[in-house]
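So that you can tell them apart, the chains are marked A, B and C in the order they are listed, and the count of residues begins at 1 in each.
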């Protein structure tokens, strides 16, 4: 059974890799940009997971997404920094702001932490609207330089591959972190902070590190977003978007590294065909959410585990039915 | 600031405060007693406003029929939501929270279908002004403050002078001990949802004439509810009332002085500062 | 021979109640000292004060010559005082092996970014090896990959001891380790402590189970209503009139 499962997973990965590599040549411009956005959004989704691992809900992930985007855009647009360096700069600035904010609000307890990171999001959006000389106010920044390597602007297909590899790189690094002692320490802190303290873990410091890394990854995602879209408006970074990022995590499953990825992909792909009909979009979204929560409490990622026994039961029923049919008449 | 402007801003602040307190009260009860962070709270307010629109605005029935009707409808809706959405979801905080998000989205989607996207309004149920102590107060404003005060007083009486209020307070302190004492949690939870939703619905009807009505008007009350319970202390009833008043006054005065968008930033800064110095909120011990 | 732990005149209040009043005693290296007393005597509060979870209103804790009274729990752990908990506190959603692994935190090299990103296995093999050894010592090897929360109660408490051992304590504080265990499990804990005693570990143990205390302790301290009412060898304490009075009707065997 074990080898069968790993072969299936390996096969799935290979198929996925083939799909991801051939998509840009198969899809039209619009659909490709949808895929690109999906890849970009995986970053804030995973950044939220990083903070959830340590037991904190960083609703403000979208605030750092915005900070990373604006920072990178301003660095490249107004200060002429090369785009790749600006990307990194966006992430770093988001991390530094996160460090400052985190050290202030982290001691207040998890619930207030949640509310205040959200308040911070409101603050960031309001500042983006008001600070016209820097951010061009409500109309936003336009003509943000597109992604380019060494001065060579990346056109549609190369841009896709850049974003694909960038996201994959971040995902691999986050995977290593989650399964390292750092990730283990975070998981311990989330479940039993006093036990962690008793074996020498500085809980405050580790939570802060988780928060800062979360802000860094969100900032990178925001920077990618800014350079891909070319425009950046404060109105994008709403409370609804922040809630959506949490939904991606919870729906996909908070118990697994793959949860946020599954959640993000599933929901974004779901929402796409409904894009024009706001009312139906919301109702369908709501219905699916409710269905998954009630029937798959561990998130979408637990679906294979749930299906397993169900399939076995159906197979057994089929076999008994067959046996009855064959043995009938005795 | 001139005396006239000051007193009008003060009155507007009290008006806002009453509205905010109504919203925050239901919200904090649901959190304090059941641990539910009700993301759909603003949408229930919107539903109340919609009920006012259809029953009072369109069908022409008296505002004073629309109000109790909305309270009953939203209250019953709350009981149904608790029974058929919250309870089956398993009780894990994050899951329940997500269900309330789904409720928010679903209700808003339905509102888009039924009501449409374009905002409309209803006229105030009473016009004219009354002069009290030399101050001219609009009658509508008096009505809002009066009804809110009655409702808040009613909830206070409920919590502190009735058996079910005792059960609510017991569960808030120690759920296990309360169940051992014989509190039927399922019924209590249904009741908490009834009260919470009814308060939000009442606020929706009361404030319908003051603002435009559309499916998205629920977001701001939700935001305010969060801010108020952070300010006043999560789960604290006096905190919700005091916090609501404080935020209402702050919004009013800061809004007049600096404009609404700057006032919004300033109120968040105010909350962050208060939480830094009083980490459990103004009155919270929870 | 210098003292490992000096508890000097510790007092701690909760509201109006004096949980601890002027408690003083010493622990020498290699000793196994028991702390007993009827319920509410302040035993766990004593542990909480020693390990930095609560600050004392008054008094000092000196460990290995250093005043550690005002240090935070993780700082005290780093100096070698490791405790277990009276309640079943474990990392329930982590495996048994992972639980023990967390105990290796202080001496772990795995937090080095170089190691996180560039070594072949995210958690150093050496550390996994040490964790497995400890699992052997506490007899839970066969449960290595079980979720800690799925273990029966007795094994959970044993696991708690294993986590503490992983942190290489100089002074091990056991808070009611055998509560809820059956006779075989209690035997296993007593044997474990005997083994640890031979290795020179110093142990301070709070226990209700008098037989266990008599069996393993060199010295016993008796608390009642926050005050120390007796101190001495297990036999001396057993015969002490005040102790018998304090325990009247509540002696557990």
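Note that in this section contacts are C-beta pairs under 8 Å (C-beta built on N, C-alpha and C of every residue); 3 or more make two chains touch, one makes a residue touch a chain.
None of these values were measured; they are calculated from a predicted model.
Participant: Select the chain at the greatest separation from chain A, using centres from the mean of Cα atoms.
Facilitator: C
Participant: Relative to the centroid of every protein C-alpha atom displayed, which chain's own C-alpha centroid is closest?
Facilitator: A
Participant: Taking each chain's centre as the mean of its CA atoms, how far is chain A from chain B in angstrom?
Facilitator: Here chain A and chain B have centroids separated by 32 Å.
Participant: For chain B and chain C, what's the span in angstrom between their mean Cα positions?
Facilitator: Measuring from centre to centre gives 49 Å for this pair.
Participant: When the C-alpha atoms of chain A and chain C are each averaged to a single point, how far apart are the two points in Å?
Facilitator: Averaging C-alpha atoms per chain gives centres 41 Å apart.
Participant: Any idea which chain C residues touch chain A in the complex?
Facilitator: 51, 53, 72-74, 77-78, 82-85, 89-94, 98, 101-103, 105-106, 108, 110-111, 115-117, 122-123, 127, 163-164, 166-167
Participant: Provide the residue numbers of chain A that touch chain B in the complex, in ascending order.
Facilitator: Against chain B, the touching part of chain A is residues 104-105, 107-109, 111-112, 115-116, 118-119, 122-123, 126-127, 129-130, 239-240, 243, 246-247, 250-251, 254, 278-283, 285-287, 289-290, 293-294, 297.
Participant: Over in the complex, which chain A residues touch chain C? Could you list them?
Facilitator: 173, 176-177, 179-185, 187-188, 191-192, 194-203, 255
Participant: For chain B, which residues are in contact with chain A within the complex?
Facilitator: Its residues touching chain A are 39, 85, 88-90, 92, 94-95, 98-99, 101-106, 108-110, 112-113, 117, 219, 223, 226-227, 230, 234, 261-262, 264-265, 268-269, 271-272, 275-276, 279.
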